[in-house]
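Note that the chains take the letters A, B and C in the order they are written out, and that residue 1 is the start of every chain.
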């Protein structure tokens, strides 16, 4: 239960019991929720895969491991995780940012991917949340609380992440001049993107099913991957994403994730109002988990677009 | 004259009406008169019951835990009723324990310390179906199966399907982060709850999560789901709708040896196949359910696997062929595919009535819910049979094999002296064995009161301290369903005090 | 207080809760006190834990409709009906339920002439609008005259019973015509077997019920003729004599009892072979009486018999949930009874049917009082047969 990996112990010692501290991963989403406060000590989480169990569909990995490197390892067994691949982005960073990949429709959100987390608490001790199995409801769900918390409640050192088999056949196609409804009948669509004019979709599954969906789509062009995504990430309801073009006056060029509610746009999303009761709860969580405010000061998940 | 007859009839019948009887009923929990009066004033007399029978029954759930002790029982009809009850309880210094259908298996709904019990059963409406956003808003008292039935015309369903789905409520599912056979592929309740309207212990109402892809702030929705009523009371839930799969194939695989069945499960997962469900029942369990369900389960097989594959038709055909092949390589004696929806329904009915059918074997059962690595099922099952034999007990194994979630049912007769002790000792060994294998204490039933003291075996003091911080962030004063989940040293409330209040019992 | 319940039957409930959605009172109140599981827990508390028999505990028992929908839903086959009958018997013996006026009223059912005369008086009072029929759940119109029962042969008995014979003799006659069309000579039981005792056992009057059972058995002894019953409640009661009296003779008697649809379903060919029949142009919703569905478990026979004679037969989508009639329940617990009925009428409306077929007089009166068009299934069959005859 408390036999922690040595790398984790070293990480905890580095974090220590006091003083403002933040963790740098790949820095791909470094400004999410605010910039790190000045005079904040920067540490790095350990890296490396601890154990990959393909037959269990889980992987134990240190938070500093790049997602791309992890996925390369998993691909040997035909598996992957739900974490998004960003150049240089780490497992810990992806979990703390909590942003799902553009194939969330098929691969699920990041928030459902974390099975167990070993993290350094505000007082410098190591805590373990969740369990080493694919299913667990023992106690309160700290794992879900940690995902998307931007490292403000605890600093994650090692995690157990759910893996799943990659589709036997995966093909990106583009449908020119149509709306997302065109893809509705496809059962293998793992991603549906729409820029107001064209639709891109990732079909993923058994070859026979992917081929059948291709047949259903009719005229379409096979492409290497998704379109280039505009810089800013908006989050909205699925219905709003589907109707995005009619109200995108401020968004500029956009690519909407249909069925999910994320929209990539060239302009940043205006700040969203937060219910006062929710803001108060967020404050209470931060205060309880990090009474001195030393973990990733300057960042606030409420300020995430 | 007509009026006279009515009056006469009333006189005769009237003496039997509830009102007169209730007046004759002794006010239960004599010190509660003021509390009850305030509750009645807040939400109306037809929504408050303080009699002993109501309190006695609201003190228990489907577990064997019998030490619960309910105060007045309220049946709110709206969020504002819930707010009013929480406020009245707070004013009287009393805790609040929510309750759904009371089908929980860990004593989570067994109230401790005579709290005001909020039975959510009358808040059972489907508030709205929002197909554009892929969600439905439901009240917490809605029965799980009623929800899926109501959604059927839209070609969608609510995926988590606990075995008790015909009776259990969505609110209870949220409290326990309930699973079910189909959670293997679709994920447990937390993956299907998008937002929850919650009444907090101070009577304020907040909505945790929203319909957007990635709500701002901490994932409070995720933290709330599975909190066993200790963080607040859900009054409306936005659940995710799952499109009905275009094809479904349900297979019954029968084995002469339990180990062969377990090996088949591990092999299916290892082959990279994720069926919608893989359920296992051993012979004793099959025997107990078959008479009721008439599903055609073979009573002579040592174990059966119920495997369901769904998705687009082509993949379903390929995957089910592969599953059948793996089963045959693992010495399956028969592989049967449900021919139609009726046969499929009967197979599932058999599986889902397993707990309730235990009394066909023995009148009492004690159930564990540990999860073990699914690659170690063969070994784990052998150990369970060995432990149970050693304690001279009977076990029925029925479980979500695909995700390693065991449900060893220790069936016994508590009227036989000394049995309870053996059952608990065997249960403890099963838990320790599961945890030693790298497992978890509970996969879907929750900790409640029953498994509370085992939490120390799975978590360190630091871990539990972190969990209690989560709870305290929602409910700093520990007024919601106190005394559950966390072992006494980590619970912010004084469990000793709760106990003292409970010593008298409902019948006083 | 010892309720005299069999301990093995009593402990057979594991409190799983699968009965809850099948209990008509639980779905209304949402309280465990109005649930099968809760009632059993209270019985246990009284019998095994020495809990006092409080008024609210008695209410919990009295609010049970005794529909036994929980029995078919129970994976452990808990004999709830027997437990509830035993509990009520113990409570009645102790004078805690079923007051004297009620016992007197029930006793009248055994006296056929008195009952028939009383019914005629009541019918008259209703015509003169002296009785608030709606409030009391009585039919808006009752027959002032009853056509005579007649014997057409000795192939089968047709059990005519008490209230049904007094209030709905037309149904018996229609049933008899259908049986005759199927080639059977029918002898109505009439005064030979006055009352089955179903209402009495519901009220906890066990010894009285036993006496009535012996009376019925004596009246119908002397041959092996099948005893056909067109009222589901009576059929269930007659079929339970074996258990009630526990004698070989009673068991043999119960084996002779059939719901009339059950018997006809085996003889559909005879019924249809005589002449071509044009189906009535009606969409009929079949309401399964609890005592046919949950107790006799013979409800599948009703749509089978009905199907050739009407345009369409539709099933209700409420899993056979009780309609709230429950013998005298609608009179004793009018509020709950009506609330339960509202769910049934909503199911009928959803079904789109214009007529409800009910094989139990209690249910049919109760549903008709809510404004539904209710017929006995065999009345419809008789109508179709007679239409093609003319």
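One rule holds in what follows: contacts are C-beta pairs under 8 Å (C-beta built on N, C-alpha and C of every residue); 3 or more make two chains touch, one makes a residue touch a chain.
Note that the coordinates shown come from a computational prediction; the quantities given were computed from them, not determined experimentally.
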item	value
Chain closest to the assembly centre - both centres taken as Cα means	B
Interface with the most contact pairs, given as the two chains involved	A-B
Cα-centroid distance, chain A relative to chain C, in whole angstrom	61
Centre-of-Cα separation between chain B and chain A, whole angstrom	30
Whole-Å gap separating chain B and chain C, where each centre is the average of the chain's CA atoms	36
Interface residues, chain C side, partner chain B - complex	7-8, 11-21, 29-33, 35, 38, 41-42, 45, 49, 51-52, 54-60, 62, 73-78, 99, 101, 129-132, 135-136, 331-332, 334
Interfacial residue positions of chain A with respect to chain B in the complex	1-2, 53-57, 77-79, 98-100, 104, 108, 111-112, 121, 125-129, 131-142, 144-145, 147-149, 153-154, 164-165, 187-188, 205-206, 208-209, 212-213, 235-239, 241-242, 257, 259-262, 272, 274-275, 277-279, 281-282, 284-285, 287-289, 301-305
Residues of chain B defined as touching chain C within the complex	1-2, 5-6, 9, 12-13, 15-16, 18, 21-22, 24-26, 49, 51-54, 56-58, 60-62, 73, 75, 101-103, 119, 121-122, 124, 141, 143, 145-146, 164, 166-168, 289, 291-293, 353-360, 363-365, 413, 415, 507
Residues on chain B engaged by chain A in the complex (per definition of touch)	130, 132-134, 176-177, 179, 183, 187-188, 190-191, 200, 204-208, 210-220, 222-223, 225-227, 245-246, 266, 269-270, 272-274, 311-315, 318-319, 371-375, 400, 403-405, 438-447, 451, 455, 457-460, 462-467, 469-474, 476, 485-486
